[in-house]
Amino acid sequence: MDGVALLTIFVLAVFVGFEVVSKVSSTLHTPLMSGANAIHGIILLGSVIVAGQADSTWVLVVALVAVVLATMNLVGGFVVTDRMLEMFKGRGGER
Amino acid sequence: MDGVALLTIFVLAVFVGFEVVSKVSSTLHTPLMSGANAIHGIILLGSVIVAGQADSTWVLVVALVAVVLATMNLVGGFVVTDRMLEMFKGRGGER
Amino acid sequence: MNLLPTTWTGLLYLFATVCFILALRGLSSPRTARRGNLIGAFGALVAMVTVFLSTALDNVLLILIAIAVGAAIAVPVSHRVKMTAMPQLVALFNGVGGGAAALVALLELRSSSGFGALLAVAFTVLVGAVSFAGSGVTFAKLQEMMTTRPVLLPGQRWLMGASLAAALVLAALVLATGQTWLAAVLLVVGLVAGVLLVLPVGGADVPIAISLLNASTGLAVAASGFVLGNVLLLVGGTLVGASGTILTQAMAAAMGRSVTGILFGALKGGSTAGSTAVSDRPVRSSSAEDVAILLGYAGRVVVVPGYGLAVAQAQHTMAELASTLETRGTEVIYGIHPVAGRMPGHMNVLLAEANVPYEALEEMDQVNPKMKTADVALVVGANDVVNPAAETSPGSPIYGMPILKVSDAQQVVFLKRSMRPGFAGIENELLYEPKTTLLFGDAKESLTKVLAAVKNL
Amino acid sequence: MNLLPTTWTGLLYLFATVCFILALRGLSSPRTARRGNLIGAFGALVAMVTVFLSTALDNVLLILIAIAVGAAIAVPVSHRVKMTAMPQLVALFNGVGGGAAALVALLELRSSSGFGALLAVAFTVLVGAVSFAGSGVTFAKLQEMMTTRPVLLPGQRWLMGASLAAALVLAALVLATGQTWLAAVLLVVGLVAGVLLVLPVGGADVPIAISLLNASTGLAVAASGFVLGNVLLLVGGTLVGASGTILTQAMAAAMGRSVTGILFGALKGGSTAGSTAVSDRPVRSSSAEDVAILLGYAGRVVVVPGYGLAVAQAQHTMAELASTLETRGTEVIYGIHPVAGRMPGHMNVLLAEANVPYEALEEMDQVNPKMKTADVALVVGANDVVNPAAETSPGSPIYGMPILKVSDAQQVVFLKRSMRPGFAGIENELLYEPKTTLLFGDAKESLTKVLAAVKNL
């Protein structure tokens, strides 16, 4: 994929990111931050690719460290966000 | 540019389009419709490319017709939108 | 010319794309709307300069002439058009855009291959043609070159079904063979389908049909961007398609209609009720002096402006009357129906021109609860937007549309020229009610007389 | 494995991208937030399965073990963490993500060429390292492993300047040579810069710093997506970067702070005022019975919950007290400060758990005008959010933050355990005012006693 295409995708994603959260209430700031935090854990995908194509031991070791860290980000992020939002459940049911 | 990249761009643009107008007041429906109408007049760009690469007379003629039509859309669209919005000017100045 | 390297071309197109996004963002808020439109125009300009600088083009002179011709037609028309005729002009411009997209796709077919590209070509040809023909019909309806009432041809359902089937078969053939003449036939079928689609749409619903066709043209342009591999067309068209879809729904919701109901309601035979026959039951008409007394001694007056105010260009007189009443201690508020006039926001624009302060304009939901405490509801050239048939007669074409409840006020005064109905072509029972007073005449003349009489009170 | 053709891989990544967008959309509204988060997790799952099916990977077993290790650390911690400790956990997860991005970029450097790719690598290494180290410091601050007050090393300004200069030089060298060891040095410099950046941030501002680092990590991930040519990383990271930026600003605005002020305010020497010294001026403390009488005969009570309510897990007792008071005819409303507790929305979550109706919770702007008509303001485990120093002492670390004006009420009752200050570490003059009554003790115990006493009235 050429650079301009990637740049276009980047620019559009910036607009989507801006617009999507522009009207969020302060109650949801923390869960939103936490959920967004989980999303960037997708760097796990990059870590896996790098680890899977490692050509020397030190590269493999560093990449595996990255895999562990990224997994914590991705998995932990979604779990902790879900736990936060669980609290809202009761209220939703009541309405 | 490959198909998946174009598709990604398309999907992101759909989200941008949805989000951007999701909170517009009914007062602005007509100018917004008119402005959006002008934007799709950018088909002029496509018409020009096709006309500029025409390899036979009938293609050229049809493409030139497309150029005329698209120009009307693009130019007329922006001018008429501006005229509509001119009406709002007075009020803005007053505030 | 090939003056620009590919990367630069891409970046300039990206710049134009961003301009288009900012244009739509800007247009979504009154404060930034005009600037937004200009940003969009600037983006388009940059893109057009870029295409000439970056692409090897023949026939440049002819192309420039064609552009000049298009601009020479569009600019003066846009400048001269009356406020009230703007919707049909938008419809017209939308239609020609759709036509251009269809023609571009038709010509691109010869150099396209692959399932995706052929599908996009067939889509663009069909949708562009539908948009072209459909917009033509909406133009004719709004321009009153034909009846504004729903038109149902004999066997309309079958015709629709047949053209749909033909379109599908032709699209499949285009996909299979890639023949340009088949695509041309598809284009013709699209024209027929466009006409059939819009004919049954009742006059009041035409703006929604225009908005829908506008969104479709956007998608057609996006598809042709896909065919040409041009990101700007792709994004620009998609933005219009997506935002247009949302907009169509918002407009329909403001009129209390559903989009499918508008397109296919008449086919099911629902909205052909109502009658243009003017009955000759008695009404109470009175003089400008009587109206002046009613207004001059009222505590609160709700003004309901409508299409007639725009036609008569009576907004300045109206504003003067309102301020005269206010110096006498009468509170005057304007009740603005979202679809009063001939385009959404018509009344806001009109009254803003007459320097009516923004705060005095109240939307339907705000003003309806206040009607009960109003001494007079002054209906100036409005009809459908106060017609109780929207609430009471299920068969009526405007049934379900929310209205301004002027009948809750103590007295109702109508300023209109005759007993003729409004846009939707149905009678208004309110005109015959005992609490209603009619002052016949052009809105501007009537208001001038009332104003003079108020000043003499 | 190479089971999937390239197009399918692309489509599945696109699917995951859409899931991420829908996740953020969902998270922006209370009704859909939980579903949104699950959609995001599903998208990530699809993406991870796709990468294993579509890419030729060695060491698959080791990779799976590493993933298992990561999950085995993260899941139990996430399950067991207390509500109040969630912000530091988010900080921790953010940090490790940044670290992973930096490492990935470091390793990718060897196979990258071209200005754009090298620039993206340098950016990711630097920003990822800053995010890793900065998040570590925020974690330590929130976990109270170090002081929560702004820390200023001697010559902090010079250190910051030096590390910035070193980072720029190293980045330029990486761009010029593409040497991995230079990037590794850049990484170390990034770690130092991250620590220096966050040390001067005062405790109360830490959540904003976390949000900012979160957005930075997003951008680092986006840049590594650019390096790897992976659209999912690019879009996912960009979404977080863009939305995180907006979110950071919104959070700062809710606390009445500016983002630059938070990061660089201490450097300018502004916010080091305030003192942890507890003075020994006299205060008025009283018994649960006295408080019960105050509350039981009040017409309107405004409850201001804070961090102490959360620590004591007293929300259920509080809700019971409120409903008991209401049956006695006392109106009870909750005044919710946006940053009460240790994370935005903390109080809403807590009280929702105790089934306090949503309508009883009022935001700062709503409740402040009502303070004047309140007989009692009951401050339960809150301190900073009612501290008038925010309005009166320009040197104080919380100066400029909007507060709940409990001093406007007839009487103020504080439930807290001691005279110790709150999170920001500054004394609260309000505790010494004549209209203030203190009831010392754990919030839950105090409330239980007050509740019993009210029932006996």
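Should a chain be cited, it is by its letter among A, B, C and D, assigned in written order, with residues numbered from 1 in that chain.
Heads up, the rule we're going with is that a contact is a pair of C-beta atoms (placed from the backbone, for glycine too) under 8 Å apart; a residue touches a chain by one contact, two chains touch by 3 or more.
All values derive from a computational prediction rather than experimental measurement.
Touching chain B and chain C at once are the following chains: A. Comparing chain pairs A-C and A-D, the larger number of C-beta contacts belongs to A-D. Taking the mean of C-alpha positions as each chain's centre, the chain lying farthest from the centre of chain B is D. A straight line joining the Cα centres of chain A and chain C is 43 Å long. Centre-to-centre, using mean CA coordinates, chain C is 47 Å away from chain D. Chain A and chain D have CA centres that are 16 Å apart. Distance between chain centres (mean CA atoms), chain A to chain B: 35 Å. The residues of chain D that reach two or more other chains are 21, 231, 235, listed in rising order. Looking at chain A, residues 1-3, 5, 8-9, 12-13, 15-16, 20, 23 sit in touch with two or more other chains. Chains that are in contact with each other form these pairs: A-B, A-C, A-D, B-C, B-D.
Interface of chain A with chain C (complex): residues 2-5, 7-8, 11-12, 15. Chain contact summary for the complex, chain B toward chain A: residues 1-2, 5, 8-9, 12-13, 15-16, 19-20, 23.
Looking at the complex, you find that chain D touches chain A at residues 16, 20-21, 23-25, 27-31, 33-34, 36-38, 40-41, 44, 47-48, 51-52, 55-60, 62-63, 66-67, 69-71, 73-75, 77-79, 81, 83, 86-87, 89-90, 92-94, 96-97, 99-101, 103-104, 106-108, 116, 207, 210-211, 214, 217-218, 221-222, 224-226, 228-247, 250-251, 254, 338, 343-346, 348-350, 352-353, 355, 357-358, 363.
Those residues of chain B whose C-beta lies close enough to touch chain C in the complex are 1, 3, 6, 9-10, 13-18, 20-54, 59-60, 62-92, 94-95.
Across the complex, chain A is touched by residues 7, 10-11, 14, 17-18, 21, 231, 235 of chain C.
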